[in-house]
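Below, chain A partners chain B and then partners chain C, in two separate complexes.
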Partner chain A sequence: MLLTTLMIGLVLGGTYALVALGLSMQYGIARIMNLAHGEFMIAAAFCAYVLFNGAGLPPLVTLLIALPLGYGLSWLVYSVMMHPLVKRAPNRGQLEADSILATFGLLFILQGIMLLVFGSDFTSYSYLNHPINLWGTNIAANRLVAFIVSLTLGLGLYVLITRTRWGATLRAVALSPASAPLVGIQVDKVARQAFAIGGSLAAGGGVLVSMFVTFSAAGGVVFTMKALIVVIMGGTGNLMGAIIAGLALGIIETFVTSYIDPGLSLASVYILFIIVLLWRPQGLFGTARS
Partner chain B sequence: MLEINNLSISYGAHLALDGAALFAAQGETVAILGANGAGKSSLLKSLTGMVAPQEGSSAKLFGEELVGRPAHEIVERGVIAVPEGRGVFGEMSVEENLLLGANPLRARKGEQARRDEVFDLFPRLAERKSQLVRTMSGGEQQMVAIGRALMSRPDLLLLDEPSLGLAPIVIGQLFDALAQIKSQGLTILIVEQNVRASLQLADRGYLIEAGRITGSGTAEDLKSDDAVQHAFLGGASAQGAS
Partner chain C sequence: MLKLTRRAAVGGLSALALAIALATAPANAQDGETVKIGYAVSKSGGNATGAGITTIPNYILWVEDVNAAGGLELPDGSRKLIEVVEYDDRSQTEEAVRAIQRLATKDKVDFILPPWGTGFNLAIAPLMDKFDYPHLAVTAVTDHAPEFADRWNKSFWFLGGGLDYATALADVLAAANKAGSINNKVAMISVADGFGIDLVKAARPALKAQGFELAYDATYPLGTSDFAAIVNDAKNSGADSFVAFSYPPGTFGVTKQAQVAGFNPKVFYTGVGGAFPVYKKISGGQQEGVMGIGGVQSDSAAIQAYFDRHTEVVGNPPDSWASAVTYTSLQMLQEAIKRVGLDREAVAAELATGSFETIMGTVELENNQLRTLWWAGQWQGDTFAAIAPADDTGAVLPVIPKPDWQ
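Let's look at the complex of A and B:
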């Protein structure tokens, strides 16, 4: 029972980590707190659902479409909505305030469209829904697949960001945006890329989550909030921190659901969040900056 | 190789630089001398595209106009700056700073060899490859900034107050390194308040007072010039400082 709970938690946490990585890219590098992040996820989840039920397309194939599509649409959102805000913002604080308001609006637009098309019912579909025996515990194949793909994508991105020159330019923009142009980095281009990658991860996460979770058109905001908690717990801009915090969040949530009460799972997440904020405001893995 | 004409920069109503004209020949080191707020840093910032000069300003590198181009294109054309305060990536390692220095496409060829050259020039950096730059001394950070600039395979190196905040012995080492860079044929434009050290390094120099170029000459002549003495006894800073 304990091992099963742990494994289910870890698996759930893998997708949290992926979605949080997306938010971290958008917030840490492009400096945009995207409150519509969860809506991108849900939209991708519905895509997976429609393509699976309508065309028999397996979600893993949809994933291959969702990743580039999420990138492209986020690129568009950045160009149309965010770029004017970035250009006119005199400082980072103003951009944060403006982008929160703008993406708050985007949240309702996307949610409204999805409510119109899909209604407000909870949706799910059955894909790879057979148990796999792993070290004596049974776990659904779809969860396991989602976990492996999430972690592969997340760790792959982590390696790209920390080990390549391209990744170094992204980190340079995150850490010292004023110095980045000195070495010929186009801050605006990098920010756009980071925002688009974030959207791509949200879409990927949405497809993966849809394989084993019931979702509804109005459910995006919970994912956004969880991603936000993971990003802050992991330390803003700390990608490995976000991955670990995502896994931890999944485990904690699953333990509370299994051993205390399912109704308390979200509350437990927020209590944890508050404790982290009070005890280590820089995040569990962030370093305090002077 | 560098030809600046009628370069004017204003911040609102304040005219920081008024119709400056100067040039640098290939391989030359040119010092720009002036008190705080005289317009020296503004001049360098306009060359890198960080500050937009006024209409009619011109700065040509190998005959091609730099004014109006975005910062990344200017780097790609071979102009690299070490700004005042160094502008290093403090949260990244020495190695990563050098990696980013070679970010411009023009710098990719021969990157490895240039890295070795930088490590030869500053053996200290080779010893501390993986150290976070933020945790290094001011002199070492200045080495990182200059090393990073050299990684871009520049034709023109702009140095803004490289000695600022450094101990005299470190300044000596820094200028030794700059002399070595110069001897390899790189064209350098240096803005410095340490007049003696910069005239020691430079071939020629210009005097800026309150946004205007008021004099120029060979480094030897400037060393014995009365106007140079005057400018650094505080005559210009009283009206030029902002």
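Let's look at the complex of A and C:
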């Protein structure tokens, strides 16, 4: 029973981590709080649905298309919408405020387009929805795949960021965008890359999540909210923090559901969130900033 | 401080021009030659999905049907085309209220069709009454309908209350229990939001009164997407009947999880969404035997024709709960106008007392409420067939146990 609950919780947590990875890159490094994050995911989810239903393309193949496509589109969004904001913002706080307003607008544009194209129906399809037995627990194959992919993507990026020269430039921009140019880093280029990678992760996450979640054109905000909590809890810009926070949330939610009351599952998440904010406002794995 | 750049000036001027063009456009429509029908529904935001499945498609279908026939028929035999004035309430009740005000005072429409959802219909009911418009509150599930009908005498309530659905479900289960096909244990989950709370509150005493024991009774928050732990506990409860008073995302999530977990109760009942056409796809074509709220008379030619026509015009079939009821309410409005004309007072009186031929058969309201409704249904073949009230003509016998998920 304990093991079953733990397994279910871990897999759910993997989903949360997956949802949050993209936002963690965008907010942590490019300093853009992308409120349209969930809409990007929904758009990718619709792509997966259309390709699966229309062309019989498995979502895992769509994933390979979605990752570069998400990268390209986010690159474009950054160039057109975010670049002017970055250029004129006198400081980081102003950029965050401006980007929140701009992406709030983007949220409605994307939502409107999706409502027009796909209508407002709840959408869902059945793919890899068969059980895989792991140590006596039945886990849905699609959730397991999402769990594995999210851990692979998250840990892979974490290694790249902490161990490579390219990663060092990303961290430099995240830590101190004002000083990074002094050592020859093109802050704008790096931030754009980080934003695009975030978009790519959001698209990938959307495709994976679409395999087991019911989504609708108006439902992106649910993902954005979850991602926001995970990112802030994990510590902004800390991918490892986002993964661990995501997993922790999943496990806590499942334990509360099984052992206390399903009605308190969401409340437990927010209680934990408040505790973390009070006790470590910089997040579990973030570093304090003046 | 204010600097007027050329770009700002051009932008401002074109916005102004656009605003003027938009403001004057409706004035060009000729008054009196058309019947103006207005509505404010949620075309964006959280309610867009529900409105987009049940309400908007039926408005589109009805207007198309009426106008294709030459328009609304009036008592003197002449016909007037329908002109639609439409607003998006963006899933906010304040917006809905503002839109109703605008429809009544600025647009001066002849009739106002209702928004989607219980809360929205309750929010606009006092205004509809104040401006003397008949209010066809179709997608409002409330046990207080009799009081509301008394308070606002031109309001009409079409979808019953939680008590009706819960009692009907308890009756279906009790009959199966008496026949020996299920045990007396029920596992019940409900979403912690209006609909779920209403139904579960009514279902607890109704099930107990029929001798059932609630082996598992849990409430989950709106927005729950993972049902693994809940389904696991329901499975271990030893109940033969599983009841979920859920919204569509929950209905779909719990179905998929039951399939993964190999949870095969003899009765599998879901809330909103179980009667949606998309449920077939979501269950991977294994909808057979799944029960839920609503239902349609499977052997009715009028319902068949309605499903075909809906699919042809809107692009997808209607849901099998409130869609047919929505279209029925519009047919009643159309017929009432044909009998008494465009006088709103007279139309309301006709709706309250008249008898109407609709896709749901001959329909009469009792105390401003539609009471001849289907309270529970079950997927049998390609239709979500009505099973309760069991003694009404057109109901089919429930199939228990439901076949196992493959």
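Everything below uses one rule, namely that the second predicted complex is superposed on the first by the 269 of 290 C-alpha atoms of A that agree within 3 Å, B and C clash if a C-alpha of one lies under 4 Å from a C-alpha of the other, contacts with A are read in each partner's own complex, and residues count from 1 in each chain.
Operating definition for what follows: a contact is a pair of C-beta atoms (placed from the backbone, for glycine too) under 8 Å apart; a residue touches a chain by one contact, two chains touch by 3 or more.
A quick note: this is a predicted structure, and the numbers were derived from the prediction, not measured.
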*Thinking of the overlay built on chain A, is A:125 touched by chain B (first), by chain C (second), by both, or by neither?*
second
*asked:* Quick one: is A:272 in contact with chain B, with chain C, with both, or with neither? Answer first, second, both or neither.
replied: neither
*Looking at the overlay, does A:263 come into contact with chain B only (first), chain C only (second), both, or neither?*
second
*For A:30, decide between first (touching chain B), second (touching chain C), both and neither.*
neither
*So, A:251: does it touch chain B (first), chain C (second), both, or neither?*
neither
*asked:* Between chain C and chain B, which one touches more residues of chain A when both complexes sit on the common chain A?
replied: C
*Would you sort A:179 into first (chain B), second (chain C), both or neither based on which partner it touches?*
first
*Indicate the residue numbers of chain A shared between its chain B interface and its chain C interface, in ascending order.*
none
_Touching residues on chain A, where the partner in the complex is chain C_ = 4-5, 8-9, 11-12, 15, 108, 111-112, 115, 119-126, 129-131, 138-140, 212-214, 216-219, 222, 253-254, 257-258, 261-263, 265-267
*Touching chain A in the complex: which residues of chain C?*
43-46, 48-49, 51-53, 91, 189, 192, 218-221, 223-226, 228-230, 232-233, 248-249, 252-253, 256-257, 259-262, 273, 276, 278, 281-284, 316
*Where on chain A is chain B touching in the complex?*
165, 168-169, 171-172, 175-176, 178-179, 181-186
_List the residues on chain B that touch chain A in their complex, please._
48-50, 70-72, 75-76, 80-81, 83, 87-92, 96, 99-104, 148, 152
